[in-house]
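In what comes next, chain A is part of two complexes: it sits with chain B in the first one and with chain C in the second one.
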Partner chain A sequence: MPRYELALILKAMQRPETAAALKRTLGALMDRGAVVRSLESLGERALPYRMAAHSQRHSRGGYFLVDFYAPTASVDSIMDHLSRDIDVIRPNIMKHPLTQEVKECEGIVPVPLEEKLYSTKKRK
Partner chain B sequence: MASVVAVCSGLGRKKLTHFLTVAVSLPNPGTHAVLWRRCSQYQQVTSNEDLLLSQFISPFTGCIHGRHITGLCGKKQKEITKAIKRAQIMGFMPVTYKDPVYLKDPKVCNIKYRE
Partner chain C sequence: MLRALNHLGVRPPAPLLLPARGRKTRHDPPAKSKVGRVRTPPAVDPTEFYVLTERYRQYRQTVRALRLEFVSEVRRKIKEARTGVLAERKALEDATEHQNLMAWNQAENQRLHELRIERLRQEAREQEQRQEEEKARKAQETQAWVQLKERELLQLQEEAKNFITRENLDARIEEALDSPKSYNWAITREGQVVRPQRKGS
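Our next item is the complex of A and B:
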């Protein structure tokens, strides 16, 4: 199963309510056959811009990162479920960045410009 | 006029590892001074790290700097642009301005603002 990362922005709430929302979210993930690997909290902070979700405007939110393994077919249904949850401001699932292979980049290759000065096309 | 800008990692911020060393060197005296560095320093560009990505946007308008300013190669420029757009949409980075926390960052791009 490929590895995904869920960048979750929850409404700014009190601690027990945030815990309940997270429990609900992770339960929904596991119901759809996902295996949760870890949950990180990036803290509650001011959002970079005011976001509207479920007919409310928010300016503060709690940021959470969940990385999990899930079957590819269930990603759609997870996103559907999260978009319907009123405590979630913005859910985003993407492929886990650590699974992308890192290609060595040589930088800008200097091109010999003298060869490009005259065209090498055969003229009659 | 070659100088090496080394950033010490003793700053009290999260994600210290993404401050990079930039080498400024003049290739030959006839050419225009170019900020040259290996773009292979940016190994893995993810959309969570707004510290790294904020170095490539303008502090006034939030525009992403072009290739002639950042000096990156084609692939890395594309990756950085995509990561910036993704971070902005996901709610990790502001769009129209640069986060004031990151205004004192070392200059990675070859742009000079009027004081």
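Our next item is the complex of A and C:
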């Protein structure tokens, strides 16, 4: 099963409610056949911009990072479930960055600016 | 003879009347005034005639003799070239040379054939060697792959002890909420970790 990362932004709530929301979320993940590897909290922070979710505007949120293994077919259903949860401001599932290949950086490629000076389009 | 007379400056006797078709074509009947006209051929001087015929006869005889002589020489030469002694010798030499060349060609072919067979055997041997090397390398690679996968599996099994399950769900959630992590740091070229200063909430 490929490894995914869920970048979760939860509503700014009290600790027990946040814990309940997390429990609910992780339970939903495990129900859909995911194996949760670890859960990290990035703290409750001010959001970079005001976000609207479920007819509410938020300016603070709790950032959480869940990396888990899941079957590819269930990612859609997980996203669907998370988008319906009212405590979740913004769910994002992506492939886990640690599974990507480390490509060597070639550096800055020099661009020939003289060619870009004049347009090469054929004019009638 | 006439040319000789011309050189002396004497004019030859011109005939009195020359026949020419004037008004009438050849199909018109001759005129009444020409009835009973008898055509007389020009007079022949016997001596002149005799001299002329004799000279012509001698001339033509000489010329014919020369011509026959030349013709026979040419034909003899052709026959000589085709079936003479020299031609036979040349044909014999050509045949022997041809046989020699064919034999040499055959020998060359044989030699090259052997060389080729040797080369093909060598190539086959090299090919087999390369294939064996390839097989060995592949086997080694597959073995390395298998070992890598085994190691990964073991590592995963080790890590699986730390996964979140329904039993330790609450505990892990509390633990995560207690310790917030921050990825907002940078590293200098000397290897020093730089974190943001407290700028307020």
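Keep in mind that, in the parts below, the second predicted complex is superposed on the first by the 107 of 124 C-alpha atoms of A that agree within 3 Å, B and C clash if a C-alpha of one lies under 4 Å from a C-alpha of the other, contacts with A are read in each partner's own complex, and residues count from 1 in each chain.
Going forward, a residue touches a chain if its C-beta (ideal position, glycine included) is under 8 Å from a C-beta of that chain, and two chains touch if they have at least 3 such contacts.
Just so you know, these numbers come straight off a predicted model, no measurement behind them.
In the superposition on chain A, no contact is made by A:Tyr118 with either chain B or chain C.
In the superposition on chain A, A:Glu106 makes contact with chain B only, while chain C stays out of contact range.
In the superposed pair of complexes, A:Ile9 makes contact with chain B only, with no contact to chain C. By the touch criterion defined above, A:Gly27 reaches chain C but does not reach chain B.
Using the contact criterion defined above for the overlaid structures, shared-chain residue A:Leu47 touches chain B, although it does not reach chain C. The larger set of touched chain A residues comes from B, when the choice is between chain B and chain C. With both structures placed on the common chain, the touch criterion links A:Arg37 to chain C but leaves chain B unconnected.
Residues 42 of chain A contact both chain B in one complex and chain C in the other. Against chain B, in their complex, chain A makes its touches with residues 7, 9, 42, 47-49, 51, 61, 63, 65, 89-90, 92, 94, 97-98, 100, 102-108. Against chain A, in their complex, chain B makes its touches with residues 38-40, 43-44, 46-48, 71, 73, 75-76, 86, 88-96, 99.
Those residues of chain C that touch chain A in the shared complex are 159, 162-164, 166, 169-170, 172-174, 176-177, 179-183.
Of all residues in chain A, only 15, 18-19, 22-23, 26-27, 30, 35-43, 64 touch chain C in the complex they form.
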